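Across the two complexes that follow, chain A remains constant while its partner is chain B and subsequently chain C.
Moving on to the complex of A and B:
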């Protein structure tokens, strides 16, 4: 792998991170809103009266440097970001954003990775089989509902699933990541707890997997069409190789690789969709955190979530871009 | 080619029409002939037509009696959709509310009828801005080349992995202190992230088309660069631009519903997204209000599937190589 390819990819990664952190810094400052003021107002509303609000806000601004010139704040913010210091949440004071993220991000990551792998494997396999068998009725019966679903946002389908399987037929739980109110939970060494978590994760995962199957299946089918026309397939057939070997070793193996590019392009969308799915299912991931932070304009938390998820997708894209030429020898590197 | 020529000579009634008949014969007839083969496009367009008919007919004939016992017209429809009536959430088609009333006693049918055009409006405005900006950037990148191209390409490529919805959430929370955006403001917010996709697709097409024979020909016969862009390249880019416009519309509606579902949209306008938000906010599933949750979801599914099929159909127009495959 030539160095300038790696360098350009890594540079692209840093540009993405730079743009993301700049957006994250400047946007909340357009509003002129002060989260502390919101918090104090809320406290005042709850307690009836609060003295010296203005002084408290001023003291806070002074302490955390919100009165410094903008560029100074920007430089400081960037230095903090590099050290992965995302500040403190106003509403969950004195918790840092890092702590809040640490509590929630594993749920999102686990759900995301699981659904991604399932959808990728099942969808690709489905597309490959569809093209290999080429039976019209089978194709129509299986593909048309799946394709129709692929145009629907995850969380809308999730709402439908929730309505059907949790409300009408109470098969799955209505909300949450695990059953609340049981002593000693969450306890990851307890098998019944893990079972409970999986049971709660089924519907959210299903709403993502079923919706994204169609995209993978179509992509795979398209690649399989091209692969079937290749000379080596003709040769394999002439050699009299069994169908299974041709399908697995010659067909899937070659058709699967370009699917990885689709994966890289889809990541951003998948993450956005997942956040909303978590909102619908009240799942304990970053989506729930985000929904809490939005109405209270807890900027540090919103910034932190956006930054971390942008970082995650950019990193995943970078890794995929770097792995891709290693796996697929046909790729010619170009800077671009 | 043979089919196209056959369509021109076949005797059809509109050949007898004066003046405009050339346009009809040379442009419209081939389009309809082609549409007959392009199933996806037909299904997508008819899904849209169905929604349009639903909205249009409802605007014309649906009226609701207000609390004072007076008939309400079109304005009444908007009011019925946004003002709460003195009603419990209920579903009884014979009570005068065909789809029932929601938690705040609003007429769900009216809300859906008013919500469809509003949500489409957001999508179309955002997509028009997005594709417009994307197209200009694409032409600038492809024509100026060099450093400018590199900068535009790098920015576009590095924006793509950033989860768009989250940036929109950030924009929306920053722009509206407390009281929510209006429908048009939301459209502009969404347009902020609607341009990288179209810019990327159109730039690569500009690069391809620029090298075509007819462009070379125009250049050699002394057509100005702007003339080449508008007279030679634009007509050939049209299917791509249209396809990315439809895709961008779908993406923008998706984004708007996402932003609205988080409670950041115009909560006082009955867009489809706000309906979803109120459903999530009041946990309507737990209350068993399925007749409130399902209508916006069904409409959105028809909308998204329709847009998806239209854009797939347009892809087929843009890439004739796809045409013969299933």
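Moving on to the complex of A and C:
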């Protein structure tokens, strides 16, 4: 792999992050809301009365540099970002955004990655087999409900699952990432805790996997149609290759390439895709955090999450750029 | 089985040998479409001898590819083999089960693809694509070691005029001519008895075309394989083929040794074809004759060629050549009875009411 290719891709990655950080910095400042004011107003509403809110806001603004010239704030923000210091939440004072992210991101990543991998593998295989066999198999019977589902948003299907399996039949828990109020939990070395986590994750995962299955299946099926019509497929058959070899090494192997691009793009969207699912299931992930932060204008938290999202997408793209030429020899490591 | 020494060398000798390798009898291949059955190959019969090179010409849509694919049972729906037999070296191919047919492909009958750019799998190296064919025709556990296999790969590449290091290249790193050579190496990797080549050079430039044909010829000579070459280039056919088949609208209308076809074409369609060539040295490409090919869903009644036949239509230019024959022709037959392929002399078959012979 030539160095200049790697360097150009890595440079691209940093440029993306730089631009994303800049946008993240300016967006809340355009919104015109002052999070402190919101916080104080909320406190006031709760406590009944607060004197001199304006003065307090001014004092805080002074202390945290919100009165400094914009460029100074910007430089400070960027310096912090480089050190991965995302500031403090106002509503979860005095927790840092990093702490809040640390508490939530693993839940989201675990749920997102697992569901993505499951849906990708099962969906792609399903699509590939459907096109390859072209017979009325049980897969054919499965296809129409799966396709119908793919038109439904995750959270809506999640609600239905929740209603059916938690509310009506009580097979799965109604909310949360694990059962609360048990001494010593969360304890990741405890198998019954892990079991409990999986039990809680089942419905959220199911709502994502079942809904996204159809998309992967249709994508793969379409690619398989194209691949089946290629000259090398006819040639493979003329070579007397067994059906299995043609399916795996000629069919899937070629049809999978565009699917991988889709997979990498979806990787970057894991967190945002899960936001509403996490809300429906009261899941302790980043999505829940974001949904709390937005109405309260908890800018540092929103900025932190958006930054992490951008970082994730850029990282996924970078990794894809670096490995794609290994999977497909036709793609040259060229600059640009 | 004929041993290598016993197989005669020249085309003339080959013709004398009556050692039939491929026998096609009353083959019918139809496409079942919504518009009706497209009778792309309708009642085609011919025999090909061991080591013999057959050319197959005919205008676009006459059914050449359909027939070639059906011979290897590579036809895809909506094509169905509606009847007939294909016998390769005593084995009835249409009676084999799928696994037997799979084993037969490449080992006994191999395909050289159209000179298209895409007949190699883009994600694997040339080596892997030569080896996988060999591997899946070798009983489990009998595959020789890596070194032996590599040696064989280099040997094959050299036999088609390629350097051994091509083995480690990907298809996109090869030129069209190189790809076609690789395809030849694959096709000959198990020394098949029969090679089908459907316009193997159509996408290549003239110089490369000639080189590829020479390579094919060398391999054919060396292995004493029979070849069925589908193409449009009459000049190429004249150089390459021992016998020529002419297809028209799903029928084989003439089948004869190549020299005899050029000297004395029997079927009016062949006659028109030959006379439409630029000169007697047969350098010209097959451009076809005026008029449109008939639909194969509802072919013209009687002889499928009659709407364009110079004899039936009493075409001025051809009157002289056929005047004697035409006198005895019952033109009523041309519109009512589909003329069967008849053997006029040994190895001279024609489907036309002008001629008498054994059906």
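We take it that the second predicted complex is superposed on the first by the 288 of 336 C-alpha atoms of A that agree within 3 Å, B and C clash if a C-alpha of one lies under 4 Å from a C-alpha of the other, contacts with A are read in each partner's own complex, and residues count from 1 in each chain.
Operating definition for what follows: a contact is a pair of C-beta atoms (placed from the backbone, for glycine too) under 8 Å apart; a residue touches a chain by one contact, two chains touch by 3 or more.
Given the structure is predicted, the values throughout are model-derived calculations rather than measurements.
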So, does A:232 touch the first partner chain B, the second partner chain C, both, or neither?
second
Which partner, once the models are overlaid, touches more of chain A's residues, chain C or chain B?
B
Have a look at where A:240 lands relative to chain B and chain C in the superposition and call it first, second, both or neither.
second
Which partner chains sit in contact with A:114 here, chain B, chain C, both or neither? Use first/second/both/neither.
neither
Between chain B (first) and chain C (second), which, if any, makes contact with A:23: first, second, both or neither?
first
For A:163, select first, second, both or neither according to whether it touches chain B, chain C, the two together, or no partner.
first
Which holds for A:263: it touches chain B only (first), chain C only (second), both, or neither?
neither
Based on the superposed arrangement, let me know which partner A:250 touches: chain B (first), chain C (second), both, or neither?
second
Residues of chain A that lie at the interface with chain B and also at the interface with chain C:
none
In the complex, chain A residues that touch chain B:
12, 15-16, 19-20, 23-24, 27-33, 148, 150-153, 155-156, 159-160, 162-163, 166-168, 174, 225, 264-265, 267-269, 271-273, 275-276, 279-280, 290-291, 294-295, 297, 299, 302-303, 305-306, 309-310, 313-314, 316-317, 336
In their complex, what parts of chain C are in touch with chain A?
72, 74, 102-107, 110-111, 113-114, 116, 118-124, 132-133, 136-137, 170, 172, 183, 186
So, in the complex, the side of chain B touching chain A is made of residues 153-155, 157-167, 169-171, 173-177, 250, 254, 257-258, 261-264, 276, 279-280, 285-286, 288, 290, 293-294, 297, 300-301, 304-305, 307-309, 325
Enumerate the contact residues on chain A facing chain C in the complex.
230-232, 234-242, 245, 249-250, 253-254, 257, 327-330
